[in-house]
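Read through the structures below before going on.
Two complexes are shown next, each including subunit A; its partner changes from subunit B in the first to subunit C in the second.
Entry: the complex of A and B
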């Protein structure tokens, strides 16, 4: 563990920028999101409105440009990304997305398809996970075998102790960065980190045992259950767009005549046209069916594939929902149902 | 007042006058009420009415695939002044049969805009609140603030002329009466003082924040098209990316679609996750319709909507220069 005094932080970021494009939480009007910075003083220490997924998976991304005779793929050979100030929940979100994009599906030749747009950016990135000293009351990462000081997925784990940042190399990439930077892992800060960790954990609401959720969702057949718990949802996409794990996208062409670009754009299972077919038939034509899809994807389908939930408990969807449809309450109702049967 | 509301709802359900009551209940977060759908008299106690009851619940009567107003023959809904104007709007636009909806009107003294609190407290997380007269005490983990209610009520509420339900079958509480407002278009007038270049820059900056989640559209009681133009893909009217050129088209067309139909309930402003100032343009079109056609949405259930009627003497200078 090494210490970077806050007054040296500007230089640290400056050095980092020689090798990396540095992304960090910044103010975005009255709100906040992750964007590329030029100077350390642009960085804010907040629970960002938007998640960090857009750093590697932007809301709109050009897959290729086309003209009459040519297809041109954007240059993917860019300076690698260093992502500073991402909390554990968002780091875990990136791990979930990596499962999807890295091994998206098996090709006929038995190789796994890797999404080139995601993969290169994420594989080469250096993730500085910042310990979350002050979780919000809407945070529930502790439901997912995680917590505000979870180091999973971090290359370097950072703790802000007020006067300085304490950095610990976690992954091989993190170790290499330490060696290249001439950092010495030695240093006695464990005690301070331990007490900050305890304090942050004590600020969180009691955790829920969600081990039964996957099985219970397999058993729920009747639509009345879904209709009732999703009745107030108005099917806007706010929850899915601020979510660090939602990753559905739509592909569309924008252009005139024979020239244009093919882009992929975030889609949302909340939208009425989400799975509307060309015939006009929509298997999820009703509001509750789309909320059901969202919950099933997060707590059942994804779990079926990867044995983990597609939710990291960041609480953003709870904070933005216009009708206060609280995902924690939905999960609790699923658990309660299991207990009642 | 709340006891009388509970009593009324209970009797409507007991006497089978309605099978469903839409109202507000306590939400899971401070300063946040949540829509509740009451079918059973034992759940009536869930109903609340206070400064947190933000949602214009009338949207549930018509919204795409919810259409509770069409599914249920007998439905009751609790409405503030602005919400009642939406019910009037639905009636004049033939979206509901007025006699199928039992309207329970309440007097509203304004809804708290949480975004104003965030701004005044530097994004402090609110843990609890307490109302003392016309002040509110807001507690966070480390800090405590005291504000005048007028500092944190929605702009829509501060400039609201009709706080009491206008159209109702039952009115619960003491009516506040029509309020004499003389600055209801102050934001528009201030904006119009800017040069056209400044206005364009401001509009671009505002709508460049948009993430196209459509929360504004989906909470809006006046937006009930079965297929919104942004969702059409044959032909595709606008691009799907959050490019500002597309976002501006979405917002400005939505503005025009709700011209003479917006009741300034403030739902869109509250719902926007990225804090776009959605009210400015809505007030602008509201002002235009009022000045040109002497029409205010949702006031008179017998009047034809401005955009569905034509009089020869109406100003036409926008058509013929």
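Entry: the complex of A and C
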């Protein structure tokens, strides 16, 4: 573990920018999101309104430009990304998204459809996970075998002790970065980190045992259950946009026939038009069916493919929901139903 | 790195109107570049994303068979924005194509077996691919029975080929329309009923493709006849965009139609909630 005094932090970021494009939480009015920074004082230490997924999977991204029938792919050979100040929940979100974009599960034709726009950026990135010293009341990462000081998916784990940042190399990439930066892993900070961790964990609400959720969801057949637990939802889609693990997108062309670009834009399974076909047929035409899809995808379908939930407990969907629909309450109702049977 | 989002170029070689109101049109396309043709290895049942730059792309099942070298065939119903643009294409126009995508009918597993192919409406495209493929490899397969229904005689697609197949002795073709019409001397009645009457041997492998309502009522008929869930196959459709399992549109249960399908056995479908 090495120590970077806060007064030296500007230089640290400056050095980092020689090799990397540095992304970090920044202010956008009263909101905050991850964006590329030019100097350290742009960085804020907050629970960002939007998740870090946009760093690797932008809300709108050009797949290619076209002119007549010529196609030009944007330059994917850019400086690698260093991502500073991402909390454990978002780091875990990136791990889930990587499974989708890398397509880890076996296809019937033995093909692996990789996503070149995501893969290169994520594979070459250096992730500085920042320990979450003050979880919010809406945070529930502890439900997912995780916690505010979880190092999973980090290249370098960072603890802010007030005066300094304490850095620990976790992955091989992190180790290499330490060696190249001339950092020594020495340093006695374990005690301080331990007490910060305990304090953060004590601020969280009691964890739920969600081990029965996957199986219970396999068994729920009747639509009344879904109509009941989803009735507050107005399908505005806000939860899907702030979510660190939602990855649905739309592909469309912009421009005239002769010249333009094909882009992909975040989309949402909350919208009726998402699955509506040209014939008018819509497999998820009703509001509750779309919420059911979201919950099932997060706590059953994804689990079926990857044996993990597509949720990291960041709590953003709870904070942003205009009708105060709390995903924890939905999961608790699923657990309770199991217990009632 | 291979970028599956980038279409390759194809050229329109031929256009056929399939019905009098010109809502169904078949396009034959050739590969502009030799290397694209060589890389394009497919089997009946797979699909492509057909794209017109500036208008977008749409998924279509491939109607040609891999035994028909150098061309791809698609039948397009004019129904939405992209399909309307496709209908405006002329011979010689260049379009974009991504594929082949998805899985295929179990042509390997069906070797040596009798096969019953059941189709409806203009969803007959990948079934044409399959039939042409089976006839080209005729010795590998047993008895081949085809049941094909359309609302009216005009709405059958590939009419010339249907006439040819009807003359063959190594393929039994049952054509049916919904209601009797003067001059129609073949069968009348919905596909599920005709299937019941034809009574295919339940040891044959069944391939069913058509409108959801036809599939929904035909599968139980096959089950009643004694077909095992593992030898009934069907092909599903959804509004697919990326075609490679990422954009999330075509999810049914934990499967994506674009990569885990579009071809599923009834045994697989029974494990998926709300597949129809």
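Assume the second predicted complex is superposed on the first by the 334 of 341 C-alpha atoms of A that agree within 3 Å, B and C clash if a C-alpha of one lies under 4 Å from a C-alpha of the other, contacts with A are read in each partner's own complex, and residues count from 1 in each chain.
Simple rule for what comes next: contacts are C-beta pairs under 8 Å (C-beta built on N, C-alpha and C of every residue); 3 or more make two chains touch, one makes a residue touch a chain.
Predicted, not measured: the structure shown is a model, and the values here were computed from it.
Peer 1: Pick one for A:252: touches subunit B only (first), subunit C only (second), both, or neither.
Peer 2: Once the two structures are laid over each other on A, A:252 reaches both partners.
Peer 1: May I ask you to decide whether A:326 touches subunit B, subunit C, both, or neither, giving the answer as first, second, both or neither?
Peer 2: The answer is first: A:326 touches subunit B but not subunit C.
Peer 1: Which partner does A:308 reach: the first (subunit B), the second (subunit C), both, or neither?
Peer 2: It touches nothing on subunit B or subunit C.
Peer 1: Report for A:286: first if it touches subunit B alone, second if subunit C alone, otherwise both or neither.
Peer 2: Once the two structures are laid over each other on A, A:286 reaches subunit B alone.
Peer 1: What is the contact status of A:101 with respect to subunit B (first) and subunit C (second): first, second, both, or neither?
Peer 2: In the superposition, A:101 contacts subunit C only.
Peer 1: Using the superposition on chain A described above, determine whether A:263 touches subunit B (first), subunit C (second), both, or neither.
Peer 2: first
Peer 1: Looking at A:201, would you say it contacts subunit B, subunit C, both, or neither? Reply first, second, both or neither.
Peer 2: After superposition on chain A, A:201 lies in contact with neither partner.
Peer 1: Residues of subunit A that sit at the subunit B interface in one complex and at the subunit C interface in the other, please.
Peer 2: On subunit A, the residues that contact subunit B in one structure and subunit C in the other are 250, 252.
Peer 1: Which stretch or stretches of subunit A touch subunit B in the complex?
Peer 2: Within the complex, subunit A contacts subunit B at residues 28-31, 46, 49-50, 59-60, 134, 136-138, 203, 231-232, 234-238, 240-242, 250, 252, 254, 263, 265, 268, 271-273, 285-287, 318-320, 322-326, 328-329.
Peer 1: Quick one: which bits of subunit B touch subunit A in the complex? Just the residue numbers, please.
Peer 2: Per the touch definition, subunit B meets subunit A at residues 27-29, 32-37, 55, 59, 63-66, 115, 118-119, 123, 125, 127, 141, 209, 211-215, 217-219, 231, 233, 236, 239-243, 267, 270-271, 273-275.
Peer 1: Applying the document's contact rule, which stretches of subunit A touch subunit C when the two form their complex?
Peer 2: Where subunit A meets subunit C, its residues are 63-64, 66, 69, 71, 73, 100-101, 103, 107-109, 113-117, 119-120, 221, 247-253, 255-258, 260, 262, 264, 267, 269, 274-279, 281, 283, 293, 296-297, 300-302, 304-305.
Peer 1: Under the touch definition given earlier, write down the residues of subunit C that touch subunit A in their complex.
Peer 2: Touch list, subunit C to subunit A: 1-7, 9, 52-58, 79-81, 83, 94, 96, 102-104, 212, 237-239, 241-242, 244-249, 251-254, 259-260, 273-274.
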